[in-house]
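Both of the next two complexes hold chain A, though its partner changes from chain B to chain C.
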Partner chain A sequence: MAKSRPRVKVPKKAAKGDIVTIKTLISHKMESGQRKDKKGNVIPRRIINKFDCTLNGKPVFSCDIEPAISANPYVEFSAKVEEAGDFVFTWTDDDGSKYTKKSSIKVS
Partner chain B sequence: MFATITMTRRLAVSALIGLGVAFAASAGSAEETRKSIAAPDGHPLDEIISGYEFRSAATKAVQDDDFQNPAFLWVEKGEENWEEVDGTAGKSCASCHGDASETMAKAGAQYPKWDAKDQNPINLEQRINKCRTKAMGAEAWAWESDELLSMTSFVRHQSRGEPVAVKIDGKMKPVFDYGKKLYYQRNGQLDMSCANCHEDNYGTRIRSDMLSQGQSNGFPTYRLKWQKVGSLHRRFKGCMKQVRATPYKVGSNEFVALELYVNYRGSGLPVETPAVRQ
Partner chain C sequence: MAELNRREFIIFATGAAAAAVIATPTVALAEANDSAEQIKKFTGGAKVSDGGIELSMPEIAENGNTVPLSVSIDSPMTDDNHVKSVMVLAEGNPNSGVITFNFTPASGKAEASTRMRLAKTQNVTAVARMSDGSFRQTSALVKVTIGGCGG
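Our next item is the complex of A and B:
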């Protein structure tokens, strides 16, 4: 898929102090930089090199991603929810562009 | 020698049946049908098993969770394109076909079909492109393009769970016979037919890989090796290259006939589109 399409799955609401599971997936070729095209030229590396998630601006989860990760990377993690607000997910591409997605959660 | 081979295969099959029973106890009905269904009369196999059953637990888990299954990126794109007006007639798919969840609920299980207008058999990809060129006045999408894969995945996904049932009589009879001939025809330097792997040896290993029955009910499928969704014809080409034969072209009469015959071999299996395979 040429254009990167992020998807996230966050519960719509949670009780204060709950641990929720967050699932994310983005379409991306994750070109490793180790392959060659038909003429023998190296295809330049282009991967998502960083993923991070914040809740109301505070970091929740982040990771560096390396070339061995396959296309369309799927990341799943847990977060303890103490307050309502917006989760913001950011994927950073090698070419500098950032793909973001926002998802709100209510706390009862 | 021959007796030994037959024996080994019988053992492998009965081991699989045993496995199927063990799992069936804890699964729902849709899951049970893809594990093993009795083959109809005249069918070359004793039981029909989805390719899903031959895959590792990790691969199955990716398919089981619609969110985790990356093929849904293509299905979602197809859903968007369904509503998108394209071509000189100012139409989208939805202009004629309305709500895909109703109008396409069975289509995915029935192709390839006979096209009465053009007097030839067509599969789902060709049906979509015919709609584009004839009804919409748009350009045909290239085979294996994201657009065509997305639309095929989206349309066939509407039939998920529907048992595969292709028409093989009437005008489709010669196409079916041709497909059957191709299935059993030995090809390439390795001199192998489809049947050598997928009928004689399913359930056994070919080096590190588990041979399936070569069923088509999950296509277009997300192959981990491809790192994207691919069509059944692309898979056919891969198989032919592996036996060192010159593959037919995607969308060729040969592959459409073979697709019909392979779909028939999976009669009754629920459509799994979009499946995930190794």
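Our next item is the complex of A and C:
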């Protein structure tokens, strides 16, 4: 499988106390474990099972993902920005690997 | 079967059709997966009130592989009054679980969107856990033209 590539869309700056919208997407097949190959064998499940977002190490939002989420999982949520800093996004794969992406925000 | 004349046949046919229509909702219920149990597990048997939570999904999904879904709850999201998590369940999928959003006061708004798979026409339910220990739920019926769970 191609390497999973995370993408996030976060505003570059915000006013203190602003609520910003964050859009995230990661390329991943999200194999549900329900499909069968040509020989009739079940293709084993392999999905992103957890997504997590922190701002300066403090939890902002997370979600537990099940196989019912579409391929290339897209998650949109919001965050309240009280201070400038770094958003860290982490996706956890069924095989234990983690994909992370960092994005900084300035406060004006 | 005894031979039917035309009039008897028509009466018989309409009766059967009406019976089929009446029977459909019960069939749909019988097909439900373990979503009711999952809700019980999530709430710990607490009372769940209807409404106060919005689940927006298309009425008709042409492709069950990617159906947009978004939940929002009107909440001030302060430390002592916020939405803790929202669990989304699909009654007609092979597995009931879809996604659980976990919010914090730093989320600012209790709103999130994603895209999900739907195997067939079914009810999607969202249950929210508030910081005061109460629960809210809502459902949306989505008609699916092409199912999307493989197979």
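Criterion: the second predicted complex is superposed on the first by the 107 of 108 C-alpha atoms of A that agree within 3 Å, B and C clash if a C-alpha of one lies under 4 Å from a C-alpha of the other, contacts with A are read in each partner's own complex, and residues count from 1 in each chain.
Simple rule for what comes next: a contact is a pair of C-beta atoms (placed from the backbone, for glycine too) under 8 Å apart; a residue touches a chain by one contact, two chains touch by 3 or more.
Please read all numbers here as calculations on a predicted model, not as lab measurements.
Asks: For A:71, decide between first (touching chain B), second (touching chain C), both and neither.
Replies: In the superposition, A:71 contacts both chain B and chain C.
Asks: Tell me which partner A:79 touches in the superposition: chain B (first), chain C (second), both or neither.
Replies: The second partner, chain C, only.
Asks: May I ask you to decide whether A:19 touches chain B, chain C, both, or neither, giving the answer as first, second, both or neither?
Replies: second
Asks: Have a look at where A:57 lands relative to chain B and chain C in the superposition and call it first, second, both or neither.
Replies: Touch status of A:57: no partner.
Asks: Once the structures are superposed on A, label A:36 by its partner contacts, choosing first (chain B), second (chain C), both or neither.
Replies: After superposing on A, A:36 lies in contact with chain C but is clear of chain B.
Asks: Have a look at where A:9 lands relative to chain B and chain C in the superposition and call it first, second, both or neither.
Replies: first
Asks: According to the contact criterion defined above, which of chain B and chain C contacts more residues of chain A?
Replies: The larger set of chain A residues in touch belongs to C.
Asks: Considering only the touch criterion stated at the top, classify A:96 as touching first (chain B), second (chain C), both, or neither.
Replies: In the superposed model, A:96 contacts neither chain B nor chain C.
Asks: Do chain B and chain C touch any of the same residues on chain A, and if so, which?
Replies: Chain A residues touching both partners: 70-71, 74, 76.
Asks: Which stretch or stretches of chain A touch chain C in the complex?
Replies: Residues of chain A touching chain C: 19-20, 32, 34-36, 55, 58-71, 73-80, 82.
Asks: Using the touch definition up top, name the residues of chain B that touch chain A in the complex.
Replies: My answer: residues 67-68, 70, 72-74, 76-77, 146, 224, 227-228.
Asks: Please give the residue numbers of chain C that touch chain A in the complex, ascending.
Replies: 65-67, 70, 77, 90, 93-95, 97-109, 111-118, 148-151
Asks: Going by the contact rule set out above, which residues of chain A touch chain B in the complex?
Replies: 1-2, 5, 7, 9, 23, 25, 27, 29-30, 70-72, 74, 76
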